[in-house]
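Letters A, B, C and D mark the chains as written, and numbering starts fresh at 1 in each.
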């Protein structure tokens, strides 16, 4: 395990020392921007930060672009080869924000070089790749996190608290869908190519639904799925539909599609328990719908002083955005690194990443073969 | 086929004659109340009515209760045996609002006695019973309608118009769920007993979803389902979850459950086409959500003078209720009887009732056997 | 006071006798249709009805139209002169659904002929006319109701119960607006003419807001208003805006306009108390928004067995419509007539109609003269 | 006017030079945190930034707290006397995030020392103070901005675009309310003290409503207001209610209160024009409700690539938060400084701050004296 550098950042009013941690990042596009913003923001908004991120270097293949990203986000250096990141002793945390086909190898290499790792979801392009990644990183003894960031939306964490407290009783239903509308976009997009992405809407969107289903409800035992590809010639799923059965007896549906006009980023889920229900829509991410007993749904504006993560932010009703989930996620990871504490259960580990991949694979098998598939883990 | 009585009801301002039709009803509970109200209301709100209902007699086994119902709703007589209704020549339309186990035999008998028939959904307790009912009634040459009343909600008919016009482009998704919360109710309820009801949430709620899926999107080719019974000892499904594939390539989910606290009568569906989307929630039945292209969802308050069925009602924005769907439905049936026109496509025929039953059976087979099931018709 | 005819309608299962009451109606347009429907519906849906309405006669000036209305709604006769209604001994309840300029004289005449009276709102075209109507009808000793039907929406009655119980604490705010969009309609419409209507949006829409403010919060002491007429040449207000102070210290706003595109029938109000808040929108009339303490707003779907008026209708979640408010209103009036009980506090009396008119007049004076106006009653 | 320092921050890929600007801040509480976050965020999210903020120093009276704030937000130094900021040549932009009683003197001094200034709203505690501040700062020839940040919410800017384009036709109504619930909070809070705050809910919340009314609709000519103080002994308004008339003939209401349980940060407004309507709720700040003609309200999720400010952020549907309004606001100010362009019309200048104060004063006079008040400017 890598040693955390003891660069004292000065003391806070409480007298606490803040140590630093060197971050090396792979990728500078959508996810690179989101992670970079999160490191920079947590440094002063979650105060004192568990560790103070030092942005050591960012890697990418297009030199002009990666150089610009380094300037923009304040990385001290840029690299055109991720191996240079792995070889850099100043990098203590390797942040893989690259495309799916660049998840496994660099992440494993970084971990085996003693760096903590965070990798964007899906962990691998299939269960095999995900399993291999998990096993080798686990063996390296470093902290690992699969970036299922929606666990770190305040309303989702509040839902977890409500469910864990038993207020919903026995969970009987989960229905989750992640719907977007851009599936007809043309051009050379890696997310539409099986060799690069592994799957289509399933790994991109469905994996998020699967992860929250596992986080909020529990393990999924069985799935029965269909997929559909609307664009001729595309070799990944444009949509996936599945029924699911959980170990605790709950049943429900999981769906992902990029062919839903008007749905910009509609990750919705509803959970029904024997004593109440919860519902959520990512397009209104500051709100949790809560029906206690049969009382009807109350809109909880998740922004009170005692709501999850809210101590970092603003007075009630001053809403936060999608990007803030990454601030909370990386804050959680840095805390785990600082304290040598577990990333789980609130953070997704590589084991969670692997388990989501097994479920994705089971859905694809079911879609192909026509039967329900049991989910089993290695 | 029964002859429509030529009892002139006076002329309207347009000089039109309104003939009467004798109605005999079986059942006086929830559905009996809804149908009775509809006959009485359409007589003056849909003006002039296609035929003027004459409430000849109502049948039920509990004499005190059925006598009270006759007084309440204005039936001229009551009967404690439905066979007396069938034998009554004044009855030209037999309205079966009884429990599922009383659908087939009385309905067939009435049709074979030359009466037009409307039967509550599900048509039969399974596909066999439904098929038999359809075949024999069809052979009798009378008008037949399966009371899938939600086809007659103005927002649903407007959705049908929008889809038929091509404004949504190719339909790619249907996701429908009918969720209620009363599944834990105790007592001797026929809806929880397989011999009386045929199935649980599937026939009661899921059949409505299936019918609207067929009405709005088209035939369903394949299903993959799970069921769950939460209450020990109950022999019907408390919940059903299914993936579905339509003949036109659309895919989606269908779900029904009575175990969703806070969901009072939440029949929701969303349809995504290549050019736009529609969404509906029965708890806000006057509203249709419509995203044209990618523009975001507009709340259409379905109450304009040129909206479906609205010529019978009020100025815009003066909302109607759930019961009004029955007024529209029976108005449609009486029109078909008067004009000897087709009940389909807007009204559900017994063939539609049978087809919904085949899909229900396919879901139950899939749930039991684990594989996806093709839907085939006899 | 008129005697209620003792025509027994048969006994209900409970053995209760239902007596009849002869109804004479003035007007067959929008409100005549709504009231007629209500009499016909309450006769069997509120079972047993307090009194069984006998539709004796309907009056209107256009013979062809009123004859058609009589046929349509089942009035035994029609009259082209309202005086014939007043002179008809079979008429025990005079229902004035005519335009504003026909409120005072026929209503007073009917009352002085010993008939109970219900009159559409606003009671008169101004406070003077309203006061005269109230005084003379009151002196006649009959039951009188001003048809502020929104008091009889289940969500409004539930709000009244919540406020009366003290659950909201001290009421500190009321903000109500009644917004529609049809103000640009052209043609010879009596609602746009001062001599016929008295005022514009104020008497038509604002009077409803004022009445609910009084019903839910209490008497209004002071107003400060502005009016605006957008259509050149029109002699009534197209919009009115007012601040209001209540006797209990609450402050707020009242607004009415017919110039709000997209607002079909948007009568919205919000009440804030020291312990909670309520909010309502007529376009979603089955819902009451309720924030207990600071907990956020819960959507109460007002359709439970123990919710106001719901014993007459359907299982929960099976929504009712705008027209049902009239069923409840007339049921309340018939009960008061049968039992010789008070129309107030849940029903609006002519005193309430007069008081609303004083507030309207105070708003118009304030708008004209520029100062706030105290509301005083004679 | 201060010279912008020519510290080149490196070139972007486009080859542009980014110069720096020294920022001195007064105040480190709620607004200090929001402004600091905005400077830090715009430095990389709005790329390249118009000027690169150099956080020179932050001033406050509590040394321990201000020292901690400097460490937290990365100010190079802290000061316990704001005069030291004014005297610091490195400070080119003076950001006044202090309480209302510290707005005028430090801001004027900074401007007269040649620094650009941004001051939190309300500009002064009354119109006199605001006018004096505006006049002296204007005379100093520096850029000045009054921090009415809600102009910089994407949905608000989009509304401005829609209105400016004429799509709404003539504006006929504005109704705005800013409602919160914390008015019963106890303790020594400067916002509840007249000498420190100037007014209560009016200056704190109502000023925001007034500013957006002016920005979106135009100048307000006349007001008629009431105020109410619910807490005994408090010398500021707990709530203000006002009718307003605009120069263009539109009429409406403006309201502010901190006594609305369940309303966390509910700044809502609706604008009706002759051709359409817009509506907004700050608790759902990413959404704009738009009714084109009479079509019903469409929820525009303001997050498309071509929506205002969105080029800085994320793919569509990935929502931003309240804090982002400050990023856009300061980006706008830095652009005006860099280009020597006007802060108006999209940014509020000190003249806008003064005009809002005149309207607030007119409301207070109206409330006290009982008559409507014309709004006149010096």
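Throughout what follows, a residue touches a chain if its C-beta (ideal position, glycine included) is under 8 Å from a C-beta of that chain, and two chains touch if they have at least 3 such contacts.
Predicted, not measured: the structure shown is a model, and the values here were computed from it.
Note on connectivity: the fewest steps through touching chains from chain B to chain C is 1. Centroid distances from chain A, each centroid being the mean of CA atoms, peak for C. Look at where the CA atoms of chain A average out and do the same for chain B: the two points lie 44 Å apart. Chain centres here are Cα means. That of chain A falls 35 Å from that of chain D. With centres set at the average Cα position, the gap from chain A to chain C is 55 Å. For chain C, the set of residues that touch two or more other chains comprises 263-264, 295-297, 301.
Touching chain C in their complex are the following residues of chain D: 172-173, 175, 177, 179, 181, 184, 222, 224-228, 230, 239, 241-245, 249, 251-253, 255, 257, 259-264, 270, 272-277, 291, 293-297, 366, 370-372. Considering their complex, residues 10, 12-13, 30, 34, 36-37, 40-41, 44-45, 47-48, 64-65, 67-68, 71-74, 180, 182, 263-266, 282-286, 301, 303, 314-324 of chain C touch chain B. Chain C makes touch with chain A in their complex at residues 295-301.
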